[in-house]
Amino acid sequence: MLTYILRRLLLMIPTLLGMTALVFCVMAMSPGGIGGAALAAAGGNVRGAEAARIRAYYEKRYHINSPLIVQYGRWLNEISPIGWREDDDGNFTTFGFKSPSLGESMERHRPVGDLIAESLPITLLLNFITIPIIYAIGVWTGIRAARHRGGAFDSIFGFTQLAAWSMPTIWLGVMLITFLASNQYLHWFPAAGLNEMTASQMKFLPFFDPAHHWHRGWVLDVCWHIMLPVACLSFGASAFLTKLVRGSVLENLGADYARTARAKGVAENVVLYRHVFRNSLIALITVAAAILPSLLAGSVIIETIFSIPGMGQLGVEGARFQDREVILAVTLIGGIITLVSMLLRDIFYVLADPRVSYD
Amino acid sequence: MTEINVSTLTPPADPYPAPNAGNVVDAPVSFTRKVLRLTFERIGAQLGLFWIVLIMVLAVFAPLLANSHPLAMKSNGQWSSPLARALTPTDVTLLIASFAALVLWRLKRIRLATRVWTFIGIIIVAAVVSCVTVKPPLVQVYDTYRNGLVSGEISKAIFVPIHYSPDDHQRDVEDARLKPPTLAHPMGTTADSADLASNMIYATRIAISIGFVATSVAIVMGVIMGGLMGYLGGWVDLIGMRLVEICESIPTLVLLLAFVSMFQNHPDQALYIMMVVIGALSSFSYAEFVRAEFLSLRDRDFVHAAQAGGLPLWSILFKHMLPNGMSPVIVNASFGVAGAILIETTLSFLGIGLQNESSWGSLLEQALGAGGNVFWWLAVYPGLAIFLTVLAYNLIGEALRDALDPRLNKMA
Amino acid sequence: MPQPLLELKDLSVGFDTERGQIRPVAEVSFSIYPGQTVALVGESGCGKSVTALSILRLIPQPPGRILGGQVLLEGQDLLKLSERDMRGVRGKDIAMIFQEPMTSLNPVYTIGDQIIEAVTLHQHVSTREARDIAERSLNDVGISDPHRRLQEYPHQMSGGMRQRVMIAMALSCQPKLLIADEPTTALDVTIQAQILELLRKLQRERGMSILLITHDLGVVAENADTVGVMYASRVVEFATVEELFDHPKHPYTEGLFRSIPKLGQHAKRLETISGMVPAPTRFPSGCKFHPRCPRTRKMAESIKAAQPVSMPPGSNVPLETTPIRDADGDIFDVLSKCVGVEPTLREVKPSHWASCHVLENYEKSPPTAPHLEHRREDATNGASSDAQEVIR
């Protein structure tokens, strides 16, 4: 098992290389080439001495006019823990161990590592809160619908499930903000960001001040801000899971081993929760790996609508400016997350299904 | 007292009689027809089909439903039709094509294949001819009609139900931006001071074309890739699967955004580029389905027979194996169309994508204005349109899936 | 007179399908005595499995439905029990094993867990004791090294072993009746023989009754005491195994035996029963076998001409006699009955029930439910070897 995990981890490397290379090529093919838009934004696209100076600066600092292979090679060198060290003039010095870095953003002129460190936790927070919620809703509703198949719950469920799954996330987000988070209608929730502007001055936990005014505290503030985004994100995915659970439970309820259990005298409840659900778990785990990438894509939209400074937004901006380092870093991290979640899924699969083994 | 014919009890002299004694056999029905009948028996699929036909009608007749040009205008004693003059080749082709479709559909006597080819031929001819002959005026100034009516130059003008074109920015009206619904503008106005209803109607064209073209591209590419991988196996399969894995692991939106900057420089072809790109990115899931099916079909006897008969590769793949492996593709095609529409909507919402024309996504984006202002009509109407369209395709897809997979049918 | 262990009286089961209601089991009656093996024989789709599942009320109630009748276990009607009481019967008084050992065990639990579950459901024992009971059950069915096997998963075992595990699980609570639904159909022939021998041995040791559902007449010949033949939802013949094999009375049973090829026989073609088993949605009127029956054919051939038809067979014909006339206008009574009236089981010979209008004593015997307390050791050696002679 350990060798299997090791092998998978090693196999991730060529896949990641392929991914980043592909994205790099796509970027290079777009008009303006690498860093074109960033350059344009900085005023380097017009004629004149000033613009020429800007162009030269960008070239020296970010090497945007070097051949593509060289640019990609440089980036690979940057992220690897073994490579050539670079001095301030851009010349390569010694070869050996070095600290890997993600480079510098052309548009914001800040180290990409810092940008990611700021934005990744936010995206992860959003997704990691969503996942248990969608599983809880999906499992509860799906089992309920399967148990009372044909009943009122199931019919209503069937109708709303498809509607919920078809609901475009952007529409849901916009509608929620319009009606629940705006000045013109109900202002129950905040419309933007993860914290109020006074967040840094807030205490961590809620408290009462001497004048008996209740203060939210940082934790509750984040919760309040995150409710609408999480609701949006979990809407479609929980509908999908519900249908999956219902189908799997129904299929297993009619399976031969369930019939054997009933013939033994096992109560229907126990058949459901002990025998059937354990088998449906396998299907649930299999689908988990598909859910995470779609959640990541969804969180890009959510971050944009709710102005949450997560990694998705970072990626969108990077794409807009053809900011090489940022896009490559986002692709890399996103790819790592996806591949690791697939590996975790396979590990859980082995744990859940005794028929499967990788040895 | 009823009498019974005894001769029905005597089997023929043949010791191996037809196995129908006591049974009645159904008249044979073609597979396609049976699947279609099963699919559209369900109310969900019927509702979905209704909505899709509705938006298709809107798309085809858009210039006759929402146009700033009057249908007929009397000016200086002369009647003229500015609307007819301003029709674009697209409008004309769509009108001719839908008329032809209606006529051909009614002519049930002619074989289906002939009708389909005739239809395609008519579309091509109409497109070519209209591109050459139909020349709408390059500059359109819509204010002239309204001003003309006021000033009296135009004595009479008959307009279509919504008398605003989608790109009519109402420069003659003061402060027409982002106004809530009124009688004149039943759905309100957009951030460009254009009529929302008009934009919504014209945006149906984008939704429909993106959906179909992107999915067709995806299916064609996916089937070819998957077919080759599944049939040839070996290193073709290995390399192919690695490629598919790589492309699928990339956060899709980031890749799309990377592609998208290509749109910026070619705004006129942006629509087509987008269709192809979305199609290419969606093709991988179809490739996986087809590959799986082909891998299992490869060992079936009829494939061995075809190989032994010396049939060329393309014949084996597409005439023999493909019809047997198409069910997952067909089921997912409908969902795929819904997905393509959603992707386009998202891209337009993010401000990337089509610049010249509005799609439902870009309209939806205007609902959230600066400074926390919200405009409910821009949130409700475009969003509802997207939702209903996606729901319609999903309903049809579900019905198709139940019809094609009898095993699941029994469970549900 | 000793009481039967299980008595089915006019059991009828219906199903709601998309195409209307069907009746896969119609007025089925027979009895099982303690220590007896009763075989229920028929082709696929004749209703034998549904009958067996209905005894334990394992048919899901929508879309299934018990339309009438009684299932008496030692005098108590199982159909009237509450679900909770019924669960007390399942696995304890009546146990069931199924056809597909591959899928009949839960793949994610060890077989030890599954057998212990069966034990602890019906017996108040500690887990420790339950484990011992499970081990002993595995031993009884001939599985070696039972202690280790308890930890194994179903997929680690062969088909024959899995079926043994199923039997061990079923017998762990000492049931009085074991229902075996085609227990050997999915297994190799050699394993088949082993499993059947195991069942016979366990039956002898425990005095258990077995209801053996099968389509294989060879299995019936070797294992059954009494046999019921089912066709299209009804029991059409019921007799001791020797009597059935030596003197079948119903044309369907005759047809079944005729179609078995005999060693040493010279023939160019195999004999078959012409026609096909009717689908439950399209049962013929009257006797369900009449469209395929050689007796009705002979009767029809002897009529010189026919009157024009007014209704095709298979439609709803009223159950009074619908006369069939020949060219001279004479009424063919019996043939009319075959086409219009459903025959019921009658004791046409001592200890031999059949349902056919054409049989000699059919009209004279009253319709009764079969009761045959017969076991194969009662018969003489000659007769039982005759029965086996037919098969070989």
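Chains here go by letter, A, B and C, matching the order in which they are written, and residues are numbered from 1 within each.
In this text, contacts are C-beta pairs under 8 Å (C-beta built on N, C-alpha and C of every residue); 3 or more make two chains touch, one makes a residue touch a chain.
Everything numeric here is computed off the predicted structure, so don't read it as measured data.
When the C-beta pairs in contact are tallied for A-B and for A-C, the bigger tally goes to A-B. In this view the innermost chain, defined by its CA centroid being closest to the centroid of all protein CA atoms, is B.
We define each chain's centre as the mean of its Cα atoms; on that basis subunit B and subunit C are separated by 56 Å. Subunit B has its Cα centroid 30 Å from the Cα centroid of subunit A.
With centres taken as mean Cα positions, subunit C sits 59 Å from subunit A. Those residues of subunit A that touch subunit C in the complex are listed here as 150, 255-257, 259-267, 275, 278-279, 282, 352-355. Chain contact summary for the complex, subunit C toward subunit A: residues 56, 58, 62, 87-92, 95-96, 98, 100, 103-109, 117-118, 121-122, 153, 155, 166, 169-170.
Residues of subunit B that touch subunit A in their complex: 44, 242-243, 245-255, 257-262, 264-265, 338, 342, 345-346, 349-350, 352, 361, 364, 367-368, 372-376, 379-380, 383-384, 386-387, 390-391, 394-395, 398, 408, 411-412.
On subunit A, the positions that touch subunit B within their shared complex are 14-15, 18-19, 22-23, 26-27, 29-32, 37, 162-163, 165-171, 174-175, 177-179, 182-185, 191, 247, 250-251, 254, 293, 296-297, 300-301, 304-305, 312, 315-316, 319-320, 322, 327, 330-331, 334-335, 338-339.
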